[in-house]
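Look at the two complexes coming up: chain A is in both, with chain B in one and chain C in the other.
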Partner chain A sequence: MTNRLPPGPHEWIDRSKELPFTFEGRRYVGLAGDCVTSALWAGGERTLGRSFKYHRPRGILSLANHDVNALFQWGPKLNLRGDIVQLAAGMNLTAVNTFGDLGTDKGRFLEKIGPFLPVGFYYKAFHKPKALFPKWERMFRTLTGLGKVDFQTPRMQVPKRTLHADLLVVGAGAAGLAAAIAAAEADARVVVVDENAGPGGSLGYQRGADGQSVALLGELLAKAQSLSNLELRLGTCAAGFYADFWVPLVSASGLARLRTKAMIVASGVQEQPAVFRNNDLPGVMLASAAQRLVYRYRVKPAEAMLVLAANLEGYSAALDMKANGMEVVAVVDPRPEGEASAVGDAVRASGIEVLCGAWVREALGSNGRLRSAIVCRLDESGEARTATARIIACDGLLMSVGFAPAAALLYQAGARMRYDEGVQQFVPDVLPGGVFAAGRVNGVYATAHKIEDGRQAAAAALDWLAGRATSSSQPAVRDGRSPSHPYPIVAHPEGKNFVDFDEDLQLKDLFNAAQEGFDNIELLKRYSTVGMGPSQGKHSNMNAIRILAKIRGEPCGAVGTTTARPFYHPVPMGMLAGRGFSPYRTTPLQSCHKFLGAVSMMAGNWLRPEYYPQVGKSKEEAVREEAAAVRMAVGLIDIGTLGKLEVRGPDAVAFLERVYAGTFADMKVGSTRYGLMVDETGIITDDGVVARLAHEHFFFTTTTSNSALVYRELSRLNAMWRLELGLVNLTGGYCGMNLAGPRSRAVLARVSDIDTSEAAFPFLAVQEATVAGVTARILRVGFVGEVGYEIHVPADQAHHVWDALIESGRIHGIRAFGVEAQRLLRLEKGHIIVGQDTDGLTTPFDAAMQWAVKMQKPFFVGQRSLAILKQKPRKQRLVGFVRDTREPAPKEGHLVIDGTNIAGRITSTAWSDTLGMQIGLAYVSIPLAQPGTELQIRVDGGVLVTARVAKLPFYDPANTRQRIGDDARERPENESGRSSAVEAAV
Partner chain B sequence: MATAARVDDAARAFETLAIVDLSCLQRFGVKGPQAEGVLRALGVALPSEANSWVALEGDGLVARLGRSEFLLEDGAEGSTVARVRGALENEATTGVYAVPRQDLALALTGPPVSELFAQTCSFDLHEFERKPNLTVMTMMMEVSVTLVAGELAGRPGFRVWCDGTFGTYFYERLLEITVELGGGAAGICDLYPEARALAAA
Partner chain C sequence: MYGAIGVGSSKMKIMHCPINGPRPVSEFQYGGELRSIPDPAVCTDAQWADYVFNRVGSPGVNREWWFHIPSNTWFIAERDTAADRVLRTWLYGEGPE
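And then the complex of A and B:
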């Protein structure tokens, strides 16, 4: 670690913890607290990556969390930004975007053909001949893209958090800390975030070789830490601003959504590079990058420094380097008058040569390292006078020519910015309510002024929180100097003077793009790709604006800025996805299903038994057996997933009359009736069974998928109607099971006190009775087309009742049956499933269910729409169809074809053992809806098969099986208790 | 109702973050315009404001979920729920409607509980400092829940109720995150030793 400096105050590294790691197969040892980049630089590495287009060697540029030429791959983790990712022991890092190793990257030949790849070349070439396009596409996909995705990477379960604050302060520098302290002292709940691992912002690294800034930082931190209502979150980036003051906070541990009531943006500025030839050579870096290396990580940027400075900050950096033992060979200042300040005087007094009115024309290097620089005097027009060229040996070249505000959050919040000629920077002009700016982003640079500006922003934010709305964007005070050079760019005939380091864009590329007509900043961005790389223009947008302004002969303010969109920094996809929550519901009978080995499926958000596997049998065989058990003996299915609602009160009938399309006023107590629900547009939304338990007391069911939705909608409707009733959701409080089949009565009778005779308990009746000692609501309905009982019991008693019914049915060959068997059985009976046999456009007329609609009622939801729809010609109708042959089998979703036209689609279909044929439901055009009509159905592979429209129901059209007689089927036929038919099926 | 009475590692869980299943406690809902009057007539002390709660004798509580809807839950030895249930079942009064509650009911306690909520819920727990008897209906892990803050056998903590049909999902996911945060499950008797009889039943 030859480049490590002696310990210094506020350094971020822990010298007691060494972290071994490898890069490109070479071994290094860093320190805890190092970022990857600082550890490599400390280890003597200068080439950290290759550039995107020309594969030029690149080192450190900003060390400000957006150095995208120093991206690394660590196993499945790709594109780790070396200047922000903390070093970890055992890292095995490689560079990205190389062919072969970093040193001998074969991609570097691309620089040699650079003249043939001008800006926008991909818009103009490779279109013809078309046949070659796939080849070009493959080639470009190979050449481009950063990092290698490992598709075997296991899913990361990254938590997502939700946080709350009165005030969010973005940036823990002087202005941010001052603002946060002032607000917290006034009892506001304050969260301060800073994307850096340590606090302080420029206080920590732009020291100017004196101890005042770190002393101030220490004071601010001590004060902040003493305030319990001030939370400082380091290594956390405020990555965007969304409506209602939601701000995503991204840190190594995941993504948090912060809801704040106000926000102060004190995010500072990003230092901008100077544009000269070879300004990308490793060793050429922003002055602030060098200062970060020195003070945060105690790493020497180089041995001999040349400083290109157009502001006080550059001179300050020169002092910092010298104070830390490095040689500063000269300061080159494009301003003829140089730096007229105490810092400028200090530099001159220190013996550092200062060259005013000069510029670095070119950096020179070999083997990917800076060796020297050519410095020229500037003429009056700002061009380099080559006759004055002087070569200065150096292995470090620091650029300090200006800054751009880190104002992305302000833009996203809707701030209007203006270009301030005084500071040569965009500053907030009009800020939205609740959003404030402070510090450098506000154009305030002097430390004392930043503190004052932060306090002023806090006062304004506190006014906002107290309801005394303020929206001032005026800074407390500005410094009266410009820290940014208006045009830190000098042309060179041989190019390689980079404006955008992400995309390898040179100065001439922007001139060429403008010459081709792309002279609007948004068009220039898209055509040239300036600012479209992973750093999103953090180091390039401002220079692009200055260049375009010069081309157009307009001020920067007239050129404007591009749109800043979230996210501010790259965010791993795994963090965006986060830990997923997919709620599912189970009935109280889930343990029974588990005991029986059920295979489960999702029905809506319910986990339901699809079928109960049998050893040595296929799923189809198991389903067939379950269906056969219901047809021949008895089956039991968990219908606890149905929505179960209760309505009580004097207006209960009126309520049901309004929400259902059928009539219920004439229902007798103790009876049930089918109910069909439509929405205001007449579309079928739900169906179920309504049971009248008492004169003013109804119990009704909804479909499995819609239970929550229906309850919410009915609650909403009654909030408007204000009828006198109570609507109670029993879906979770009760559990239902359907006992169905010719022997169901016998099974029920054994465990219930109910009189199950046809006379006492007829089809469509409802009774409250006990089952296995539990009070139950029993509905005699027949969804599957057999004698059946829906038994609803309190949820905590359901397991007991299920077990009792299974035990009671054992001698009758009872079988639990799942959703698959139920779907088949109800299809045989021609019953629709809302959501499967209907969609978001299906009316009762389409579904052939006009029988369930009573238009003569005074009112029901959807009545007016249905009255209109009824007058219109029908386009389609739901019909049944049959096929005698089994293969090829139509499937749900297959199309009905009439000539060359699509004439319908299948909604349900299955092979019925009971009927010995393929059956199904399909929507078909009206001319095809007549029974007996032949349908052409396009099945898998495009083959057309023939089916025949058939009357519904397919099974037991006279409904004789749903009525109870003195039926031998109700008695066991042999010792096993199974009917002969079931025996045969089994 | 079968429930975990004691868990071996409960003491460690209470030191960090404990999740206790209290679903077996007796609870009952009442709603309707006459609900308040009827409950008061039955001698049940009620919160005067919507979205707040008051304690019942024996660690129970009454939460006012809206202007005219109440959740009653007995503690391990309470009897209010049985009394109210019996009165309402025996007498049908217009304007008062019984709401059977088969909830998953949990207690959460321990210092990292705020982190647990941060990962599972968007509600700002700070509101409980402003109004300790707040009853909140919000979402956790995309499930509707009722949430209150209060003392759990002398420990600061939270009570959470959700529809019992989400119980398996909710408990498993919450426990998974609880374990990630260094906590674990505890039994009802670990929290309320007097609940032994209830758990045995």
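And then the complex of A and C:
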């Protein structure tokens, strides 16, 4: 704890709470409020990590939440940034990107071969011989990447919240607080976020050995806290700007999605490094980093400081160091005239040596620590005059040569920036409506000016919120001085003068990239990888722009910037990941299925029973028994998943005539009819049964997976046609079940007073009647090929009716049956399932369903397309096929082969116990469509098997099974075969 | 007041349903370009095929069907696809279409 300074005002640490932790196996004790980096620095640690490419020792650079050479792993948590992660008791930290111990990292050899790893080397090398490429790839996978992923890491669940505000202020520094207070005083609901753990921004640490800034900070905070409509969120990063003022706010506790109406960006600036040889030695750091260490954490950055200052802020930092008991050996200022301000005078008056017109050419060190620096005078062209070299001993070197705006949110919001030669910084030029900038990001540096700038932004934001034309906004008050040096860079023949600390890019790398033709900023970025590391160029993009501007002989404004995409700051994936919700629907009968132990499957977004397992029996046996129950006795299936729609009104018939391909005008009240729906191109989209309940009242069903889509499209068509009718979706309001089998009539008769005789309730009729005391809509159907009743009841009564039917059927051997049995049963009847036996190119002609299309109507959706298609030769047709042998069985999707050509494919197939053979549906070319034709089907393993085209339906072609008694009326064979309820496509 | 619709990326935009007012775009579904159907009785096959298969793909101001899912509301949106900006919305038959 020798590096800890005595207590000071507005320090962030709590000296009463000591937090023990380990780093690389060594024990340390930090304080509550420390970040990992400050605790390690206080403990005397100087090498916090190894650089990405050359594995050079690295310490603190910025301590501004983007220090990506000080990354740590703590158990499964990897790449923790030491400057933003709060220290916790018991942390067991290791450095990332080392091979073995941090101190003796075996990766150090990479620096020795550095000359063989020029910029872009991986684009140029390792292509030949190709056979070796996997080896190279393995090697680079080992060398690259940071941290070790623990695949056993438990799923991280992060709370997500939603917030609303009138105004979001990003940054709780002088400008941000002033803006927030002004807006809150005018009754706006204001949220202020700051990514730092404490408020105040530069007011808190750039003090210049002066108490004024913290006094002002105290006043602003007191004012802010007194306003109940101002919410200050610290340790919270506004990570991106999305359309319509949608901003994700990331904090350690989770992610909040803020919808605001206006935004003031007062995010400040990021200090930028100077470029000289060994500018990455631990001990060399940005001046603001040293100030943060001193004032936030009360940690001594070093004992003897050399300050490289090209601005007032650097001189101010020199005063801060001296005031806190450190020796400032000299201030080196590249400007020949030095700092002509009161702060400059104060530095000179304090006895600190000031070297004007000079630059640090090289830092020198040993064992990963800074020991001294070589300072040279600069010539007129800005090059170091080596003859003037002077070695100055120091263990700390502070760089204060310039800043870059933290303007990511402004860019994302669509701001246009321009390079201001006065402040040598990109500043907002044109801002989109509702987005404002204040403070240093706006190029305004003096404290009083920042306060003024913040208030001005608040006034403009209030105008925007009130819908007023923004009052003639004053131009930002810039100070008439340049805090940033236009070219804070000196070359060195031996290199190791780093421009990008994330990616270990040296000055020569950028020159080489430009020389190879990548001299556009976006190309330079991608080729050299400058700005592509974890900090996304927060400390390198500005210098890269300056270097490229110099190479091209253009101003920085002409070079431009790269795109600043969200997220502004990397976050753990858990912040972004959802909970993996996948919503599904169940019918009101779900508890009945659960009671019976049903195995469920997804059908569309419905959970449906696939089959009901039987103790000691396989799935196949259970399915076979369910099917057999329907054929021999009686079965009950939940069809509550069908779309159930109702249309009423004078135009109800006209509407159905327009949306279905069939005709409905001639339907008698109390009858049902099959309906086939096609889209405008004539492709089959859905089918169902239409029941006429009254002259102007129809109830109709859709397939399971299309229920929402059909209702949606019918709603659109009706919005367009403006017919006089009401369309109601009863899918969730009603539940249906299909009671089917030779004993179904007897089962129904026991729980209903309905006359079930063929005369009173014929095939394809519909009745409203009572079942188990519940008013039900009952449709005589034959989807599975037996006598059957579709019983639709209000959803809340479904459970009761199901139980009553099961109870009533007990003596008849009733079995609940699932989707698997139903698929087999309907296949035996040759009924198609839309979506399984049709696809996005299937017309009614292909599916052999011309019978369901009535071309003579005045209009229906798809009619004109079908009229055109009808004239064209058919390419394929849906046919049934049979096979007597069981193995090897064709499967859905297997191809029909004709010689060397693909002549079709199978859409449905199953082994039928009832028929004693393999049956199926397939699309085949027209020459193969004749019954009796032999088909060659290529099954798994490439084997060809033979099947025979058969007439449909396979089972009960005369449809005698689905009629009762002797009074069955004759129907055209093909139509009656299909005019039964059609079950869900799955 | 909503002149800034379309600023930034397209994620989580606000859309104005003529019935329900401003809602997050995740509640809406795109329903295709608003097109006028040629008279099927008199148009040529080529005209019909053009109507069925071809869509305007060029950026600019388009009129489109949009659907507010929770309330089953269809409406028309005039959208500048180049600027990614919804200019106005109205119920079919009650606007300028």
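Basically, the second predicted complex is superposed on the first by the 911 of 986 C-alpha atoms of A that agree within 3 Å, B and C clash if a C-alpha of one lies under 4 Å from a C-alpha of the other, contacts with A are read in each partner's own complex, and residues count from 1 in each chain.
Throughout what follows, a residue touches a chain if its C-beta (ideal position, glycine included) is under 8 Å from a C-beta of that chain, and two chains touch if they have at least 3 such contacts.
If you're wondering where the values come from, they're calculated on a predicted model, not measured in any experiment.
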Partner chain(s) touched by A:864 [first = chain B, second = chain C, both, neither]: second
First, second, both or neither for A:387, with chain B first and chain C second: neither
Chain B versus chain C as contact partner of A:665, first or second or both or neither: neither
Chain B versus chain C as contact partner of A:728, first or second or both or neither: first
Partner chain in contact with A:467 - chain B first, chain C second, else both or neither: second
Contacts of A:590 with chain B and chain C, given as first, second, both or neither: first
Touch count on chain A, higher of chain B and chain C: B
First, second, both or neither for A:579, with chain B first and chain C second: first
Contacts of A:414 with chain B and chain C, given as first, second, both or neither: second
Overlap of the chain B and chain C footprints on chain A, listed as residue numbers: 257, 729
Chain A-facing residues of chain C, complex: 1, 3-14, 29, 31, 40, 43, 45, 48-49, 52-53, 65, 67, 72, 74, 84, 91-93
Sites on chain A touched by chain C in the complex: 241-246, 257, 412-414, 432-435, 467, 566, 680-681, 711-712, 715-716, 719-720, 722, 729, 859, 863-865, 868
Of chain A, residues touching chain B in the complex: 159-164, 189, 256-257, 259, 579, 581-588, 590, 606, 640, 646, 648-650, 696, 724, 726, 728-734, 794-796
Chain B - residues contacting chain A, complex: 1, 31-32, 94-103, 115, 118-122, 124, 126, 141-143, 163-170, 173, 177, 180
